[in-house]
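Just below sit the structures, each encoded as structure tokens.
Each of the next two complexes has subunit A plus one more chain, namely subunit B in the first and subunit C in the second.
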Partner chain A sequence: MVNLANPILLIAIPLLFVFLIAFSSAFSKSIAKYLPIFAFGLNVVIAIMIIPDVLKNGLVIATTAGFKPPIAIDMVVDRLSLFLAIIASLLGFVVSIYNVFYIDEEPEEKFYALFTLLVAGVIWMIITGDLFNLFVAFEVTSIAAFGLVGFHRDKGAVEAGFKYLVMGSIGGSFLLVGVIMLYAATGTLNIVDIAQKSAELTFQQKFLAYALIFTGLGIEGALFPLNAWLPDAHPAAPSSVSSILSGIMTTAAIYAIFRITNTIFDYNQIYFFLMFFALLTLIFGEVAAFFQKDIKRMLAYSTIGQTGLFFFAFTLHSTNGLQGAFMQIINHSLSKSMLFLIVGGMIMQVGSRNIDDFAGVGRKMKVSAFFLAVGMFSLMGLPPFFGFWSKLKIIFAALQQTNILMVASVVIILLMSVVEGAYFFKLLQAMFFGKPKQDREIKEASLGMLTAVVVLGLILLFVSFYPTPIIDFTHQAASDLMNKNYINLALKLGGL
Partner chain B sequence: MIRKIVYSIFLATIVLALVMFFAAYPFGKNKMTVGEYYLNNGVAQTGASNIVTSVVVDYRGFDTLGEVSVLFGAAAGVAILFFVLAENRRERKNITSPNFVVKVGSRIIFPFILLFGTYIFIHGHLTPGGGFQGGSIIASGFLLLYLAYPGTRVSRKKLSAVEGLAGLTFVLLGLYGLMLPESSFLFNFLPKGQLNALLSAGILPIIYIAIGFKVAAEFAGIVDDMMCEVICRGGEK
Partner chain C sequence: MNMSLELLLATPFIGGLLTYIGGKVHRWVRNIFAVLFSLLTLGEMSLFYNTTFKGDVWGSLFGSKLILQTNPITWLFLLIVTSISLLVIVFSVDDMKHEEDHIVLDSYYMQLLFVEGAMIGIVLAGDLITFFMFWEIMSWTSYFLIVHGGKKSMDAGYKYIIMSIIGAYAMFVAIAMIYSKAHSLVYPDVALVLSQSSPTFTIWIIILLGVGFFVKAAVMPLHTWLPDAHSEAPSPVSPLLSGVLIKMGAYGLFIIFYGLMSANLAKNIMPSIFSTPVLLYIVQWLAALSIVLATFLAIMQEDAKRLLAYSSISQIGYVVLGLATGTSLGVAGGLFHALNHAIFKSLLFLAVGAVIYRTGTRNLSDLGGLVKKMPFTFVALVVGIIALAGVPPLNGFVSKWMIYEALLQKKEVFLLIMAFVGSTGAFLYVYRLVHSIFLGQLSQKHENVKDVPILMQIPMWVLVIATVIYGIFPGLAMDVIVKGMKMFGFAPIAYNLYGFPQGSTMGALKVINIASVLMISFVVAWIFFLLFSKSRKVSQYDNYAAGQVVTPELKYNYSFGFYMSFGRVIKPIFKISIERIYNYWVDAAKIFGDYYMRRVYTGNLETYNSYIVIVVTIAAAAVLLGGKIW
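And now, the complex of A and B:
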């Protein structure tokens, strides 16, 4: 009997549907719309079926080609990667529903195929246990994203897509060369195997490989000096695509940096250096977001800021810090994807992306505006919402390490939260109390689009008011990462 | 001037650092643990006499599934960017007709290109080459047709069907491996056969044939999109 709780299915099923979409488009145009919903619906079910195994053993390994890991590729799922895979599948599922009502431009079937491929690639990046496979997943994700960013084919979209294409390809090359360096030094590509052998490597060998991999993944993960593509690409893409790009794709790249830094290159000096980048990313993102006139561009810069925040928490390199980072990732993924979906619906009604044109929209689109406020409050970290718990955790974790630099960092984080609050409140105030500029008839978004928004909103509200299971789970995931359980358990369970 | 000096110092530092670091890597030494394993066991374990194929399609077949998806994504991206709505299509009239030699030559050579491409991907597990190479050769035959007869149109629906079916074959073969006792994606479940025979190496030739069709369909699609960019827009700006 087939064991359905196999991590490889999380990738194989979406890929199966990608090719099914291509095949079906030869016969009927309308089937392609609905296939991604099935793909990610199945994915969510399978991911949930893996949970008991992961809770029991701490780690699940799936081999390919019938060979043991260092010889063939394997997929490794621990608490952290399973959790991110669930979020990615869930977002894929919800956004697929939204897409059915949102996309009305040709060539639709290509859009759905690429969209499915994008989410599959993100899940792939998260659960792979092999460095070269990580590069392949990175390429799958970026190639799908390039096409989707240019989907509207207007001047802005094509330009943004091209910019992203150039930067993404350079990033991919850096990553590839970094992986080659590690392969040259250790003779293997499996992450656990490299981690085992990395102790023998000299500093020079490790450093060059790390610098290259960090730069490559940093471009995709939008870390400060490398993120010039993001503020163009996210607004230009269809909103459902921005929602995936912002919600989970940058996060997946940051996750890969997490994983590689923590598993392979564990030397403590690196964290101080990374912290510098994290804070720069945070400041740059939030300050730039404050000055934006384009609503989607504002959200895109806010994504950069949030990325900086959870990357900072990661560089604290303590159980509490990592836990804060994971909580913030959950908060950001759910809220930001929801915000992009809502804003997509609003732009359809308003017909513009300029913030000034959104005055008074909140009074017409009540449900959308309500969840928009929920998502923004959670991102800011206002008390009853999940973002409050995650920001609190990060600040506590930072203050645990008593030195003056940490205090300064906390001051920066709080200051940036204020900036964040300023631009979100400015928008909300205009939306609810502003005078409508034009006489355009504004209706609530269509029922299908609202369904997607409401599902995400309710999940966010649920975790806000009942955060205990997530706090426990992320605590476990964080201590797994600190104790190097990824390596230990993989060795025990025959992952090598 | 000062800027140039600063730049060159900066570049020199980076190059120096790179040289220093690259010198630390043991390139050219026999240290590839995994590679050695492939060389010693590849033929016996996979039944493919082409060792590259045994690595690309068997040991690291999952990467190849990824590469196939990358190509699929790239072709779909090109199709999105070059898409022209049916009602906006206007055939361009003022195209210089290619000369007689190109026309007749391409008709003679086209079947041979198809044959050669097919040969390359069918023998992927025996001789150098494989699905990607064979597929690109076949697509180059289509390119030749498009150049010789600018009015050529390949049915995109048929291309999609071929592309989708080939991809489905690959994934379904992989999924079948999960149903076996080994429960491993892309497990080579067919008999290995005799070394160097056409029917050997289990599922590897099937996968390479699927990849060959897929790559050919995708590249032909890209050629069609790019030709359409010249011809379907009716020459208007």
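And now, the complex of A and C:
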């Protein structure tokens, strides 16, 4: 009996399907459409099957090729990577359904292959147990994303894709150099092993490697000022791709930064500086979003702002702060990817990305607009939606350290929330109460696309009204990360 | 111990959803559901008369218990919320009929009930998380109600929601600061923390919470959203906003001043002026300024609903002024005025809404002479304005008298004068209302106007009766208020059903006597008028103006710029517009933000790559310096 609750399958299945899609397209193009759904459907099932193990032991390690971890490639799933992997699989599944009805441009089979690869890469980044695999996953994700951003092949898409390609490659190189430097210093690539040996590193070895890895991941993770590719890439990409990029890919890079900072280096001095990155990201994201006329660009900048928010919560370096960060990640992933899916459907109907053209759309596309409002309210942190609980947690966590800097940060966060409210309400208002500009026939999005939206929306509503399990779970995940349970448990379970 | 509080809270929310679903079946199902559920809420609420529950735990979050509670003071506010909501919903059935898009109407009723539920949640909250949560829900649900009112209401609603969010986040900071100290946000724990913390901390908390409540209560200088929002909202929503929603700010102020700050705390941590802690003294002045300035602004309005909206700012000023006096009489007066204002302002907004329903305009200079066409609405409006002006025997009189008396006892003469000025000014603007709408020349296009349908009349009848009852029998309300205030540590004030007995510091007040004297003198004057009348009835066109015969097309009594000469006198005061100042700063911030955003996100790949280089260079510099930067 093969144990199906094996983290390796989370990567192996989508990768297998990437090849299947490529092969199947030779025979029938329509099969390729549906294969990603199966791939990520299986992934969701497997991820759910891993849950009991993780809850019981706190950590699940899967090794490959019959070697022991410092040499072998291993996959490590703790609570944090588990819930991110679940979100990634879930988004992959839901967006795959959406894609079937959304993508109508050739070459379709290449799109599906790249899309599957993108999500597979994201999951890989999340559950990998060694740094070189992190780099490989990073590159896999990036390459898939470059192609997908440029998928439409018009001028904007190609330009955005090229910008992303250049910046992403620079990021990848920095990441690689950083990993190599660490390898040279410690002689190992395993996260647990490096963490053990990192105490012996000199300042130069430690800091330079950290800075390079941080820069590389920060480019992908949308941290200011490294995030400039993002506002171009999101509007240019197909909405379903934006949904994945925004919902989980940037988050995966941020997750990697969590790991590097907290688990590997345990870099206590750096948090203070990271906080400035976080606040600047927040400010520039939200303020820039306010001025956008392009709806997807607005959402893209909003992603930057939200990233800044949960990265700020991470830099608080406390259990409460981490819990707030995790809750905000869940909130942002669900809401923002849902928003991109909805907006994709609306753009199909309206035929424009200009916010002014969306006037009155909400009264025609009622279901879409309802969930759009839910998603936006959740992002703004209005009760009773989930974003309220996470924002409450973040602010509470921030003000636990009562110094003037924290109060100032909280004021900045809340001011930026006001800005966020300003642009979201502007859009909602136009959508629900504005006078439609042209007499274009606007219909509700197709049933398949709505299904994807409604699934995400209902999950969001469910966690909004019943947040207790998530709150408990994220609290546990946060205290795991704070207490270095990743390393402790890995040592105990033979991860080294 | 009692599920009934949860039930009371849940009823409007469940009712709202059911109403929405009912709308899919038939519009009457929806209407009946809406009325039934608000009636049910009112019924459930009435069960709590004179009862006190403390600490009914309904959940917990981040280690702080979530609590519902009730006491006579909350009952008073529950009464305002539930009764006005019911009347508004009944009024809406006919008033909103013109809206063809049924989904808009379905969601309209749902949001009405949601706003009601949110306000019930605010009042019942026994801890700050519950309070804040429902506060925010109230903000965004009421936003959707405001923007139902058409094109102009969108800007109004936008301004409202942004200012609400700012106010709410000010509260949020305060709540988080308390949480960091207490790890519990239940009112008694909060009170304990505030009494044990440093004065600076406590004062900051009060200021931050106060900003949130001031925005909602529209106390100057945070009032700028109100005139637009209240006048642009649909007619049935305006009473809910003006009568009820802004009272939540007053309730919040009551809670922080007398619930969270224990009795002597404010006196101990700050100096006093006129035996009032300085913070409360500032609040008194802001309230008094609200009274006077808003009254002046109301006088100058040409738009009936805008006039009433400014009047609301002025009247809420009385409420806040009363609450900030800190004496039993003043606070009781403030609370009572909150109830009274809810009644008569809702009445006025409904009456004006009825006029708008029939004539389609709320521009005072377009109206006139409707008294014969809409006699009932006329009576309702007249009762409303008499109550607003504070003339006995209607309800505005007693509460205003109590506030004056409290100020007199504290010897705060300036504030007293300002309150008087506000009251006198109120005569000017309410007269304007009656004159321009109901008296004078009937416009030709309003020849066929009828009085409003019965469903719209009923709410006005109810409010007219309430105005009279609470005016003649102030003891009915004082029962609740005095009992509730005792729980917050106030000395009880002597009262009876008809008013106040002779006390050591104040004279007796018996409304019924004053009312009879007034009535008798009125009747005598009328008899004289009838007996010795020299007037003669003529047609309204049997007249001349500027040497010309008046024809129906001509408007012969002016109603535009009614108080123009008065306006010239007060004009210098309004050279400084608070709203302009806000707009200036918002515009400046926008220009600044836009300028810098364009310079950061240039769209140029070289620029973007140079950012990466900068980050890496800084890191490299840190290495070269050997980590000396920290």
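Please note the rule applied: the second predicted complex is superposed on the first by the 496 of 496 C-alpha atoms of A that agree within 3 Å, B and C clash if a C-alpha of one lies under 4 Å from a C-alpha of the other, contacts with A are read in each partner's own complex, and residues count from 1 in each chain.
Keep this in mind: a contact is a pair of C-beta atoms (placed from the backbone, for glycine too) under 8 Å apart; a residue touches a chain by one contact, two chains touch by 3 or more.
For clarity, every value in this text was computed on a predicted model and none was experimentally measured.
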{"item": "Partner chain in contact with A:F377 - subunit B first, subunit C second, else both or neither", "value": "second"}
{"item": "Partner chain in contact with A:I395 - subunit B first, subunit C second, else both or neither", "value": "second"}
{"item": "Touching partner for A:F207 - first (subunit B), second (subunit C), both, neither", "value": "both"}
{"item": "Subunit B/subunit C common contact set on subunit A", "value": "204, 207-208"}
{"item": "Touching residues on subunit A, where the partner in the complex is subunit B", "value": "2-3, 6, 8-9, 12, 15-16, 18-27, 62-67, 70-73, 106-107, 109-111, 113-114, 117, 120-121, 124, 132-133, 136-137, 139-140, 143-144, 146-148, 150-151, 153, 158, 161, 181, 183-189, 202, 204-205, 207-208"}
{"item": "Residues of subunit B that touch subunit A when the two form their complex", "value": "18, 20-27, 31-38, 45, 58-63, 65-67, 69-70, 72-74, 76-81, 83, 85, 157-158, 160-161, 163-168, 170-172, 174-175, 177-179, 182-188"}
{"item": "For the subunit A and subunit C complex, residues of the former touching the latter", "value": "162-163, 166-167, 170-171, 174, 203-204, 207-208, 211-212, 214-215, 218-219, 225-226, 228-229, 231-232, 269, 272, 284, 287-288, 290-291, 363, 366, 377, 382-384, 388-389, 392-393, 395-396, 398-400, 402, 407, 410-411, 414-415, 417-418, 421-422, 425-426, 429, 432-435, 471"}
{"item": "For the subunit C and subunit A complex, residues of the former touching the latter", "value": "61-62, 101, 103-104, 129, 132-134, 136-137, 139-140, 143, 147-148, 151, 154, 157-158, 161-162, 165-166, 169, 172-173, 176-177, 179-180, 590, 593-594, 597, 600-601, 603, 605, 607-609, 611-612, 614-616, 619-620, 622-623, 626-627, 630"}
